[in-house]
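Each of the two complexes below includes subunit A, the first together with subunit B, the second together with subunit C.
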Partner chain A sequence: MMLRLPAARWIVLLAPPALVLVLWWFLSAASTSVFFPPLSKVLDALVRDLMNGVLPAAALFSLGNLFAGLVIATAVGIGFGLLIGETERLRLSLEPLIHFARSIPQVALVPLVVGAFGLGAGPKIATIALAAVWPILLNTIDGVRGVDPSIRRVSRAYRIPALLHFRRVVLPAAMPQIAAGIRVALPIGVTVMVVSELFAANQGLGYYILHSASKFMLPETWAGALLVGLIGYALALLFIVVERRALGWYFRSGAK
Partner chain B sequence: MGGGAPVVSGLGKGLGIALQAGIAAVLLLLAWQLAHGIGAFPAAVPSPIDVGRAAGDLLGSSRFWTAVGQTLSVALIGWAIAAVIGVLLGMLIGTIPLLEHASSVLVEFGRSFPMVAILPIVILIMGANARMEIFLVALSCFWPVLVQTIYGVRRLDPAVVDTVQVFRIPTLLRVRRVLLPAAMPFISTGLRVASSIAILVAIGIEILTQTPGIGRQITLAQETAHWDVAFAYLFFAGLLGWAIAGGLSAAESRALRWNRRREG
Partner chain C sequence: MTQDDEALLRVTGLTMTYGTGEKANRIIAGLDLAVRAGEFVSIVGPSGVGKTTLLRCLSGLLTPTAGEIRIVDELVTGPHPDIAVVFQDYSRSLMPWMTTLDNVAFPLQGRGVGRTERAAAAATYLEAVGLKGQGAKYPWEMSGGMQQRVAIARALAYQARILLMDEPFASVDAQTRFDLEDLVIDLHANLGVTILLVTHDIDEALYLADRVVVIAEKPATVVDVIETGFGAQRDQVATKADPRFSEARARILNRLRVQ
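Up next is the complex of A and B:
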């Protein structure tokens, strides 16, 4: 759909970000402030550390943790969500607890988990998963509950085995809602990823930012922050593309 | 409203659900205590009894209430700043389609940017203090409010837009009586999302820096291996977030009753 946009729309779309970059470039060009280095220096640092492998290694560590955490959160969230959503009793008794757990500011877990279990990837993955699981779980429960009762009746009338019923009836019907949950979980995961690395780490993007700032290498700090922003943005875009493809049937049906 | 029987049975059902939820909570605590007793958890995880005792102690300590006050006030100020700027800017962008289209990449970038990533820079510039914390909270809360306001304004009925134009309704009146109420259901969702972000970012900053508040207390408890205190703070942080979310959605459903009724 985007490709059919006329060129003018693309120009309007891309001109403001380009303008911001140009303004940043010229306004900071003569800057002697330690805190606001010229954009040219920031980009130099970005390109240099991308080329020498420092930033790719850091990004690989961070994104690996993020990905692992999100995969765990998604698996656990969908699994329990299907179970809880299908079992009325379970849902009624557990919902207040889940809502409470979701209300705990996720970053507050960082000192507990990372502080207790150390610097490695494991504790960071655990924190990301623990933070990202709640929106997925709650959305899965809602999605399961939203399945049309007549579809359920048909599934029951044909005595569809429980596993098949979950996999082919309930899961696809709940999928749009589950995708919405994952979309909410994504930025939470990114934030917790950064916080967990700013808190205590010896590698990763958060560490790169913190380490360079503590050495007053501000071009590197800005470069790291810029890269985190670009990654966050790219992930959000990527998710939309994947969602549109995987849930094409849903969007084509005109449902919103 | 026919008879009392359905009301009573509804009440009975509500009580039954509350009882079930209570039993589930107690069972969970029992399982935790049991797992702790047989040493299934790492040493850092305290027993629920310890956490309960620590929570009780906290309620009586002035340090706890100071920390809650600090976190709450910083989160509230940052949230309020973001709300005002976000709604105003959102209404401006949302009413001008060209502006909305032109700003979409920047808005999308801004809202997917984890603001804590610039924390080290902001600390260098502003120092580790409440002002810096408010700035970052406001910056993080700004985006959901902005995005929701744009959505809300955009869905305004074209017939209403035309009517307003035909009657030459003055801008201020239009904003106050047409745009704002029409966009309110979306704006309030944005404000609700922003409120949990406010608490999240405030506590996150306190954990990472020396800024006083709940987050700082959690880090202090962790550093001195007072795990029961850390868990108690975690519990209260959850209670705080839960109370704020609950309060806001109650206020929302009161303020937006007209909207529900029309749609329902």
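Up next is the complex of A and C:
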């Protein structure tokens, strides 16, 4: 079941980005604008900085932060989501607050958090987690509330203890929706990852992009942006594979 | 009835009212019922009479407004370890993320039974319902009749003294229904479990049970009780052709028609 998506599906997945790259190549080929360099120059810069280790080092720092931030967001989002979704009172009193917090543009707070806590990975991980947690939290709450009452009755009639009920009934039943929340959280995390490195940073992809732009090395700026896009795309693909595997019952049962 | 003294399950004056004040809707009023150990009792009543409400009270999922339910001497105040329920809608009572074996073993896990022991018990009861070697399948890979067999195996594996069945064959085709009815008769005869089955189908109620309790009226109460007297061996053709069968059938129909 690993990566065995049908060939037709791979074509459907890979054809649109390939088409965009081809279009980009030809439309930008004759460009003389400093701000829109030809894709060939962008790719030159990309390959060079990938080979000389500058971009891999930057990506390693950024992806480490992204991974840590998403793990925290997922753990917190699912944990509190289960609790809030299962507790009617908690949900009623917290829901307005959650929607308020979610509506705050997280990206706008990045300078504050990073400014206050300074260089290093900690504050960046925190901002990524803070931005990515909301779709996971809200989807978990909705998923938990949507658990079929008849399944809950089975659990009650057979006196399933609370923890087991959470782990083997509520969590799996809500998992398709939780996965949808994580899928939404991924690109948010990638965006905030970059933005968090635009302030008080001396490494990472965001720093690479900002630094090259400030030195007017615009092919490098584009190369950095392109790499971030590729990372986001690769994450989305990876997530589809993981989701298919983890939620095999859901996709194969025809529930979806 | 003198046998009431030895009842395994005894319901006294069960009353269920939804809402209060002017909006109060009384579904069940003063219902009495006693089931002896090893007995197979059907409760038959027309659609909408409150069968599901009654069953939820008996399974401890609903707290009755008045009256009491006792197992031997113990008052039932919630879901009870001596009551296993087979729900009407098998497609929504089995967990699609678990294999059939895990579905059957799950209530045992809740009871703290160890992994190997509960897997062995689950396999045994899957075999008892005619699903030997099918434990690795998922419910949605099976037909409706097979899924309901899994639900029955789960109830049996729970090792409760009373099996409560809520219109368990309402959503399968006629042939599958006959097969499942005969399966339940066999299980009752072989395992000695006490069965209380709720249905709207008079033929099914008569064919399966030692005793049929007819409930009707609004609010619902017991209007008739019939001892079927067919013994342990039943046959879909012969039993239903028995003059006592048609006699009992006519009696119940007339009971329900007067309403």
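What we mean here is this: the second predicted complex is superposed on the first by the 222 of 256 C-alpha atoms of A that agree within 3 Å, B and C clash if a C-alpha of one lies under 4 Å from a C-alpha of the other, contacts with A are read in each partner's own complex, and residues count from 1 in each chain.
The rule is short, and it goes like this: a contact is a pair of C-beta atoms (placed from the backbone, for glycine too) under 8 Å apart; a residue touches a chain by one contact, two chains touch by 3 or more.
Keep in mind the model is a prediction, meaning the values are calculated, not measured.
Undergrad: Since both structures carry subunit A, what do subunit B and subunit C do when superposed there: clash or fit?
TA: Here the two partners, once superposed via subunit A, fit next to each other without clashing.
Undergrad: Figure out whether A:G122 sits in contact with subunit B (first) or subunit C (second), or with both, or with neither.
TA: Once the two structures are laid over each other on A, A:G122 reaches no partner at all.
Undergrad: Quick one: classify A:L97 as touching subunit B (first), subunit C (second), both or neither.
TA: first
Undergrad: In the superposed arrangement, does A:W222 touch subunit B (first), subunit C (second), both or neither?
TA: first
Undergrad: Of the two partners subunit B and subunit C, indicate the one touching more residues belonging to subunit A.
TA: Counting contacted residues of subunit A, the larger count belongs to B.
Undergrad: Is A:G64 touching anything from subunit B or subunit C once the two structures are fitted on A? First, second, both or neither.
TA: After superposing on A, A:G64 lies clear of both subunit B and subunit C.
Undergrad: Taking the C-alpha centre of subunit A as the vertex, compute the angle to the C-alpha centres of subunit B and subunit C, in steps of 10 degrees.
TA: So the C-alpha centres give an angle of 90 degrees.
Undergrad: Just to be sure I read the superposition right, which of the two partners does A:V194 touch: subunit B = first, subunit C = second, or both, or neither?
TA: After superposing on A, A:V194 lies in contact with subunit B but is clear of subunit C.
Undergrad: Minimum C-alpha distance between subunit B and subunit C after superposition, to be given in whole Å.
TA: Minimum over all C-alpha pairs of subunit B and subunit C: 8 Å.
Undergrad: If you look only at subunit A, which of its residues touch subunit C in the complex?
TA: Listed in rising order, the residues of subunit A that touch subunit C are 148, 150-151, 153-154, 156-161, 164, 168-169, 172-173, 175, 249-250, 252-255.
Undergrad: Can you list the subunit C residues touching subunit A in their complex?
TA: Residue list for subunit C touching subunit A: 59-61, 79, 81, 83-85, 87, 89, 92-93, 95-98, 106-107, 109-111, 138, 140, 154, 158.
Undergrad: Where on subunit B does subunit A make contact in their complex?
TA: Counting only subunit B, the residues touching subunit A are 17, 20-21, 23-25, 28, 42, 44, 98, 101-106, 108-109, 111-114, 116-121, 123-125, 196, 199-200, 203-204, 207-208, 214-215, 218-219, 222-223, 227, 230-231, 233-234, 237-242, 245.
Undergrad: Which stretch or stretches of subunit A touch subunit B in the complex?
TA: 9, 12-17, 20, 35, 89, 92-97, 99-101, 103-112, 115-117, 187, 190-191, 193-195, 198-199, 205-206, 209-210, 213-214, 216, 218, 221-222, 224-225, 228-229, 232-233, 235-237
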